[in-house]
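Below: the structure, in structure tokens.
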Amino acid sequence: MLKKTSLALLVAMGSLPSQAAEFILTDASAGSDVGNWQISNGDLGIDSPAPFTVEKKRLFGGKQAGVDIIVIDNGVMEITLVPTRGMGIYEVKSGDLRLGWTSPVKEIVNPAFIDLESRNGLGWLDGFNEMLVRCGYEWTGHPGVDDDGFLKSLHGRVQNTPASMVKVVIDEQPPYAIHVSGEVSEKTFKFSDLKTEMTLTVIPGENSFALHDELTNLADYENEYQIIYHGNFGTPILEKGAKFSAPAKEVSPFNDYAKAGLKDWQTYLGPTKDFDEMVFNIMPNADENGNTLAVLHNAAGDQGVAVGFNVTELPVLTLWKNTDTLKQGYVTGIEPGTSFAYNTKYQRPLGLVPTIKPGETKAFNLTYTLLQSRSDTRQALDKVEAIQGGQDTALREEPLVALP
Amino acid sequence: MLKKTSLALLVAMGSLPSQAAEFILTDASAGSDVGNWQISNGDLGIDSPAPFTVEKKRLFGGKQAGVDIIVIDNGVMEITLVPTRGMGIYEVKSGDLRLGWTSPVKEIVNPAFIDLESRNGLGWLDGFNEMLVRCGYEWTGHPGVDDDGFLKSLHGRVQNTPASMVKVVIDEQPPYAIHVSGEVSEKTFKFSDLKTEMTLTVIPGENSFALHDELTNLADYENEYQIIYHGNFGTPILEKGAKFSAPAKEVSPFNDYAKAGLKDWQTYLGPTKDFDEMVFNIMPNADENGNTLAVLHNAAGDQGVAVGFNVTELPVLTLWKNTDTLKQGYVTGIEPGTSFAYNTKYQRPLGLVPTIKPGETKAFNLTYTLLQSRSDTRQALDKVEAIQGGQDTALREEPLVALP
Amino acid sequence: MLKKTSLALLVAMGSLPSQAAEFILTDASAGSDVGNWQISNGDLGIDSPAPFTVEKKRLFGGKQAGVDIIVIDNGVMEITLVPTRGMGIYEVKSGDLRLGWTSPVKEIVNPAFIDLESRNGLGWLDGFNEMLVRCGYEWTGHPGVDDDGFLKSLHGRVQNTPASMVKVVIDEQPPYAIHVSGEVSEKTFKFSDLKTEMTLTVIPGENSFALHDELTNLADYENEYQIIYHGNFGTPILEKGAKFSAPAKEVSPFNDYAKAGLKDWQTYLGPTKDFDEMVFNIMPNADENGNTLAVLHNAAGDQGVAVGFNVTELPVLTLWKNTDTLKQGYVTGIEPGTSFAYNTKYQRPLGLVPTIKPGETKAFNLTYTLLQSRSDTRQALDKVEAIQGGQDTALREEPLVALP
């Protein structure tokens, strides 16, 4: 791969096996940003069976001022990434299927307008509306004063950190994979020196995409880290009778309120006033390589999403059922992670606050597949069943943590 | 009225009764902003007896970076609005009369640089310099930890929220009213989903303007709300011997310090070292439609302002006398509201924390009239007197709240 | 000197003794900013023996979005100033010598992305990477709740405040001094009305520069103020065997941890895992005019820096030895100030929280000289020795403050 040093310079590439066109859209080390920008398969002279475009656009209006989004249209799906918000995925649209949800928060909020420590550490909720939010990496979970005396605000800082380096790489050989990468840093003198290289890869014409993230501890000291991949899905997938399936060793309620929903953990209510949220902690089963799959589908089974991840990277799974009314944000979260959503101080005793050594890199791989027919859904559910392999799922009545 | 969908597109209108030209300057839903922009009656082909211009301008320098202002010149007055600061009114100038004040804070501060929770919730003071500040709508009043355990920062968040949608509508029939509207949202997942459509209307050649605000609760739950229209006036109106008049049932000191000023509640000192501030809580009288008027005028009675409001919308009135030295900010606040300036937890027992139902809209209407002659002032005072109708004003010695 | 009222307008000047060209780059009072800009001696028609350029550039990428830097190249040195971060000096480069350090924080962070009160008041560390950081002026020192009940965040707010007015003045007579000035305001209604006019002056071809800062209290009340000029130096000067020298009456450890390093206060370790930081409080000696000099040089004595200041302005000196590993930020701070680095509440009893009267201006003058040969270093050390004049330096074993 040839690295272009100038911003978004298109270079016709030779015939090397790894030939690809690379476009640097934002580069903090050079202090530069390309501004509004777009490229298509036609611009690249690629005769892709599915046409594609990648566009970067700066937003304005309210708390969006200065936010950059990148829209990838791969011919069958439109994926909206938000470099300014830690490379989060705002939404994915394909025909009448949408991955994402309708939050009361409508704007894509510039982190400059967010005070994570407001409302006792709930400031993150001022900007929460994406399909995919990374909760980490310095810490994750509910806000609270940790053992070190510091307030750990809800779900960490990475989603409210603008990407330092953003680039688009397009393979110039079939299947012409499109890779959009962002480097997001969490750096505080004496506290944190984490860099995460986040890459989304999508093939033109395909109805799935992959995330490959590499978290590196640039510090000379071992540090704790945590990550939850907070994937959020509302209508049209989520509805009364929608169903969640995942290979599971054990499922337990997050807190006392969720106890009442334990036996129905796999099914969903329609929009329900006063429901608020129920959260379930899942210990997933996986295949011999650690791979596993969580599936959410609608009542008819013809629309859904399958989330693939690896339990050697992301050993636990949180299921967040926020089936309150549509206006409140009718949404469910499928959240593979190193950790559950408790405050860090509660997760250490559970062994769910891993550490990362100096110079070490941890990789996290996830796939999101759109299910657009009964057959798609059946295939995904078959995989879940195969991984579970007939084992029992223990329903543990008591939460893992006795919250005060 | 015809809505233009493109930004600031001028369209010549037909002869319909409601004919008007509409210009969208900022639209978060489209992610767009028109940048610097201006329009005049000449551009519109309007042969207005008083010429007018409306100009949008982006500011730079210090903490102003990226702040938008809109200046309306209606031929006799220049009104400066600040979309980036919740559609606040920075100042109104007409000849040698100015509505506004001289704060130590000189810049029009971008909310991105403000941390409302700093200094125990006094961060709002880092940007306070406008003639008209909306204090609300999620809460208002002095900072403090409320009954729900959350710090309510001084006077809420709306003034430090950039407008999501800004438009200018100009009637193309006499009297060619100019309407500048901004939509400002307070949205936090699980906490708040308030939208306020704020419209300032001014007629070319007239020395008054009107505010019409519509607050809507977009959530599916009933919520508390509060609003104070914090109007602030310094020189040339405020001076030794300036006088405040309003139809009042009862006046009481906000706290112990203000007790000493109760009997002189209607008159002002000149700039006074160590005065700090005295605040009075007024229960206003109104006419049979709920309309009432508060008047501030200078010693000679030839310069002043009349603030009209409706007690069915804004039942109480705070009078803030900050007659400290000129450099500290010599200013008085005339503040109609749903509430006084106590922290929310003290206002609930007073019945001054109203609620708004799901989908409900509350309207607030105010008028500000410049008084530029003894005759103007006399007319305004006559209205005050007529509303009071000879009733007594009770001077209550004890504050409504016994502050700790 | 003729003040140009338009932005960056170049005006050919006459032959007055004070002839100079002035360029306003940013002016909050006019709401304007010149954007990217540069000037050279050639543009000015100045036949300087050493060519020079001054360039203003806006940065992007990550948390740099919207940050302005000014790079002065005086023919032998390149000085990078950051108007958006309180006119801090990011670095100074000359040949293979660099004043500055390598912080884990790589970007030049826009204060819009910083929450000073995060991590119990340590938010300042999210942006700390400059060679010269002003810590003040409202307060300085370690975070903590002060006697007034307010959290004083680490090292005050001025470095995270964008300059309101930025100008470049170039003398048009030899030696063609270049002056870059920024006005940085700390303004909070009822709390603070401080303005600091900060000027960096450098002569083309010379290897030193001067800071002249004027702090003015614009309020009508006397207020406390504090300032530490936090100058930070890493490689190539700092290394095992590097040495610090300053005329000193007394040296004491900041805290118990630093006691172990007291006898070696003048020498440095190489990068040392788990060293963290040791801080020493120095009471400097000075010449009959109050001038004194602190010198840091490498082991060979051929690279270093000399920091000149005046003890009537800055009576105390903090030496910060952060000789942890290179990646953690291997750095030492030479920090003349009104105060040490304790929280304000501990410095009042030490008499190190001075006050500034209404309208009063306090001036602070510092010089930074690059030492680029043994002879340069020898000269600087000779001055130190001459000021010390054979007096003893008392090593006080106990910290001035018994921290809890």
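As written, the chains take the letters A, B and C, and residue 1 is the first residue of each chain.
The working rule: a contact is a pair of C-beta atoms (placed from the backbone, for glycine too) under 8 Å apart; a residue touches a chain by one contact, two chains touch by 3 or more.
Since the model is a prediction, treat every value here as computed from it, not as a measurement.
Steps from chain A to chain C, taking the shortest chain of touch contacts, total 1. A turn of 120° superposes the CA atoms of chain B on those of chain C, with the angle given to the nearest 5. Counting every residue number used by either copy at the chain A-chain B contact, under half are found in both chains. For the pair chain A and chain B, the distance between mean C-alpha positions equals 42 Å.
Those residues of chain C in touch with two or more other chains are numbered 66, 112, 115, 117. Chain contact summary for the complex, chain A toward chain C: residues 26-33, 66, 111-112, 115-117, 149-151, 153, 161-165, 184-185, 187-193, 218-221, 358.
Touching chain C in their complex are the following residues of chain B: 57, 59-66, 69, 103-107, 110, 112-113, 115, 117-120, 122, 125-126, 128-129, 273, 324-329.
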